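Letters A, B and C name the chains as they come in the text, with residue numbers starting at 1 for each one.
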């Protein structure tokens, strides 16, 4: 074959290829067609498009604890209680599967119990695991089964280690199963007494008002025994069944219609759903005109949800710009093109009708200081100096675009006991830090013999950002004249070091609220929670703090409790077992056709309240995705020129 | 020939065993099973939960040899896992509990759809360009071409991906910027861009490699003889250089064939293609030992398969070589 | 300039004279190679040819320039605020800003308010306000150390094993083949990440990791070439004369594969410089406090999607990388031509 033929053929091939691809590429819509064209009543079928960073690891309600899993399971699995979508200051619980909040009864010896009543007529999703594939009614025995699963060692419920201290019979059942190797599901958990078809009582070993928050988590959500037994991951009659952890059967407003690993999860509305309706009040009066028309409407308000898995954050922004995502969080990458210096949405996006939201998570991030370290532990002034040397505002500017709130105390805003006007006495102040360091016995970072003080900073390392962060952190402390050696650890190794106490300063610690109660933060410095028992990685051990904690932990919110909390807060501020960094805040955007309804951080997306205007979306998408033709001409021209040049060169050779 | 192949395959057994032992040692030197549990269970896990996790997966067994009295010596983590792998039972993920056979089965097709076309088209293009360069034998063109090649090589793949995605998928709106859907020919619209990027990012190195290969062939004595006899340069190029360079080419190509199934980490992450490219890397990061072990096992089998294929191809392409 | 402590291969406990000694030894090694090379006939011919190759000379000069910059960043001497490198002292007049600024800009590229800069920066500044040009120059050291140290690991290992396997055949050959098949069959990414996690991050450990995975190719190449040489009559003659194995290996076989080693070294060097960039993406690149091109390029991933675009860090690091890789490649080609017995022109 001559070289001409090759060139001619490949040109032909390329042309055919180009035509084919332009034909195939007529739409840049990345999604499969919706499940239906129209709803049952002829209205347009409404699909919401969202993003997930990875596949959820487990959707077993008794196991799921990571943020991705919680977001996927919330629309599928309802809990006994739920957070009111609008009442966030303070947070308020309301009945979901339960008719109302449980009734608290105090028995003999001060023992408390909660009396609960399930709503009647709530059905599980239609699923092959039930006879005829029809979902059956939820009854109190399903809650008993859920509590049994909490105690089953094979299930690995992360809530067990907390709940077994409070709910009767959990730890006995767990120990018995560990000994025999098999959990005995014929024996009920003594702390969960089924008193009727729809009623049950939870018996506690000690006062624990926070139990109500646990009832708003999937751990305690009722589970159908049929589903767990049916989805065993084995082959039956030639058909391979899923594992239960990948096939939740709940009562929620949606059920999972398709889960393509590494690609997407699609949810479709549950036709049996009638547990809850849109709330009739409780919102900010300013939103009255927006929300009042929705009041009392049957939930959910959209028909389908498609969550796409994005492993890199850059494509999320690309798809949002094209209108193929209904909402997105504003990451570092996209920040400066979206947000103006005055923390406002940039004009370009305002014109598009995009709305900007700012949310603060009930979380606190800090660096842990090891109180058992021979250098840091006994030297309170040194810890104070380190804390005062750290320029938190600049840190947040560089690494978080200045969005988060500088943490002044352990408790984040919105948690009872958080004081708005409290200032960390050892916040950033370099002069003070230098003075404190001198008082600590290390003037200019040198000890009495003139030797430079050397500290070790453990970070979890790897990405470019973490690396820059470590360089920044190192520089903060070295401003004092001492030297800091940075050790970059894989995340798991850092966790291990925190548990073993083999560190001096550990970066990247933080705690997000499991439930909005000060106890959920203050227990981090309770001496009985020093590892291996709990998560007091700083190994803070103060009898005074412990005594206050014992008093405060199970108290009702109120002035008395706030008083105790503020005393504990003052102790932590003076003892500095940590360098406080921030309460995480995020900017997020919503498209004009999908205004955001609720932003309660205790909900994981609250998809059942989401709304959508599909016609407006289609119109804008067409407007935003025009295809110019000049690049094709350019490409063809370059190709032609190259071919001509090639042939010329050949002829002249 | 047959007995040669058989002996080769037998030689693979100790290699695979060595690979698995090495993987095991490397992994557990990096991550104690406990650290692994920590990572999987997240920062909020209590030490008690960690212990339970380890027990349920058998990671509380001795690592290599069981020296606990009254327990069989082979009841160790390594030996029990090797026995499982020997029957090609890949087990299931430590993190999600998903059967790994299913993971690899589902990820293979998207990966192949990306890598095979990119590999073939890239091969044709780079061989073509290399032949062209060898053919015109022009010092200036050679210099410019090698400049361009090195320029293509020294731009990190990441930069190609970010700019390519931005331009073609965002400014021109021709193709989806992200996503994947197996649906006959329309699957192509998700793949064209990543395939093009994969070709461009590999072109520089390949053209240089093949150019060197052909140049070496050009320096051989028989080419000089042919030239001296007055055979035209086009015939020399196509009839001799290309044909004989092909033998080296085949061996290079065949050896890399099995790795196509491994996909491409970067492109799959940026374009949302659910292939195998990130399976091993994510497993190392997570960490998920079961996945690391299974993918190394399959990977080493593929590698050895590639070696075997190369041998066979050599013998087939060059009759002077006998396998014995 | 930052006051951050000068690490040397991430091992702060090493005495500070060590890097200086290393530079001195390196210079001696190069001198020795040139002197030794001039004595051999083949090398002298190659040297003459190389002197006629204008392009090769330019490439060699550029590579040498990089070598000088890298050496300047390696030679340290103590000051009262810790030790500094010569390069740091030479460039110490350039102040550090608070954050990004574009090349030659007068004001910072800031989200909240663009403050005036202390000084104009020819290539702008990075996220922490460090001068991009200074960072790029300082990063030369990482590239050279990774290339150089890794070569020190993988070349002796590969050459020794390859040549022994070819000379002794039999079980020695089997063992060597088994070793390199096994190592080649373990996915490289796992090897590198695992070794680096065990030994800790650092230029030295990175060199060891890359060396352990890299000797396989070298051993294969040398084994093949040495097998070919073994069939030449001079080996048989040497054996017939009763020369010792050691003498045959070092006096006859090694010099005849030496040119391959030199070419592979030069070309492999550029491959190693590129590998560092990939390792940085995987999170096991140069350690904190050690500037490297890979780390700069990796950091630029998020800079590229910023608006206004932050392109100068990527451009500077890529350009430096490009220049070094290009000059090494051209030099490698020139060496190949110079050593090729067939090219007489």
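Here is the rule we go by: contacts are C-beta pairs under 8 Å (C-beta built on N, C-alpha and C of every residue); 3 or more make two chains touch, one makes a residue touch a chain.
Note that this is a predicted model, so its numbers are computed, not measured.
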Which of B-C and A-B has more C-beta contact pairs: A-B
Chain whose mean Cα position lies farthest from chain A: C
Approximate Å spacing (C-alpha centroids) for the pair chain A, chain C: 43
For chain A paired with chain B, centre-to-centre distance based on mean C-alpha positions, whole Å: 35
Centroid distance [mean C-alpha coordinates] between chain C and chain B, Å: 25
Per-residue overlap in chain A, given as positions that touch at least 2 other chains: 314, 490
For chain C, residues contacting two or more additional chains: 197, 298, 301, 305
Overlap residues in chain B, where contacts from two or more other chains coincide: 30, 162, 166
Chain C residues touching chain A - in the complex, by the definition given at the top: 2-5, 12, 82, 98-99, 110-113, 127-128, 197, 200-201, 280, 283-284, 287-289, 295, 298-299, 301-302, 305-308
Complex contact set, residues of chain B against chain A: 30-32, 34-36, 38-49, 52-53, 55-56, 95-99, 103, 106-107, 124, 128, 132, 135-136, 138, 141, 162, 165-166, 169-181, 183, 185-186, 188-190, 192, 233-234, 238, 269-272, 274-275, 278, 287
Residues of chain A defined as touching chain C within the complex: 314, 317, 332-337, 339, 341, 394, 397-398, 401-402, 459, 461-465, 467-468, 470-472, 474-475, 478-479, 483-488, 490
Residue ranges of chain B touching chain C (in the complex, touch as defined): 14-16, 18-19, 22-23, 26-27, 29-30, 143, 146-147, 150-151, 153-156, 158-159, 162-163, 166, 208, 219, 266, 280-281, 284, 292, 295-296, 299-300, 303-304, 307
Footprint of chain B on chain A - complex, ascending: 1-3, 6, 10, 20-22, 24-25, 27-32, 55, 57-58, 65-66, 153-154, 156, 158, 160-161, 233, 243, 245-246, 260-263, 308-312, 314-315, 318-319, 321-322, 490-493, 495-496, 499, 509-511, 514, 531-535, 625-628, 631, 646, 649-650, 653
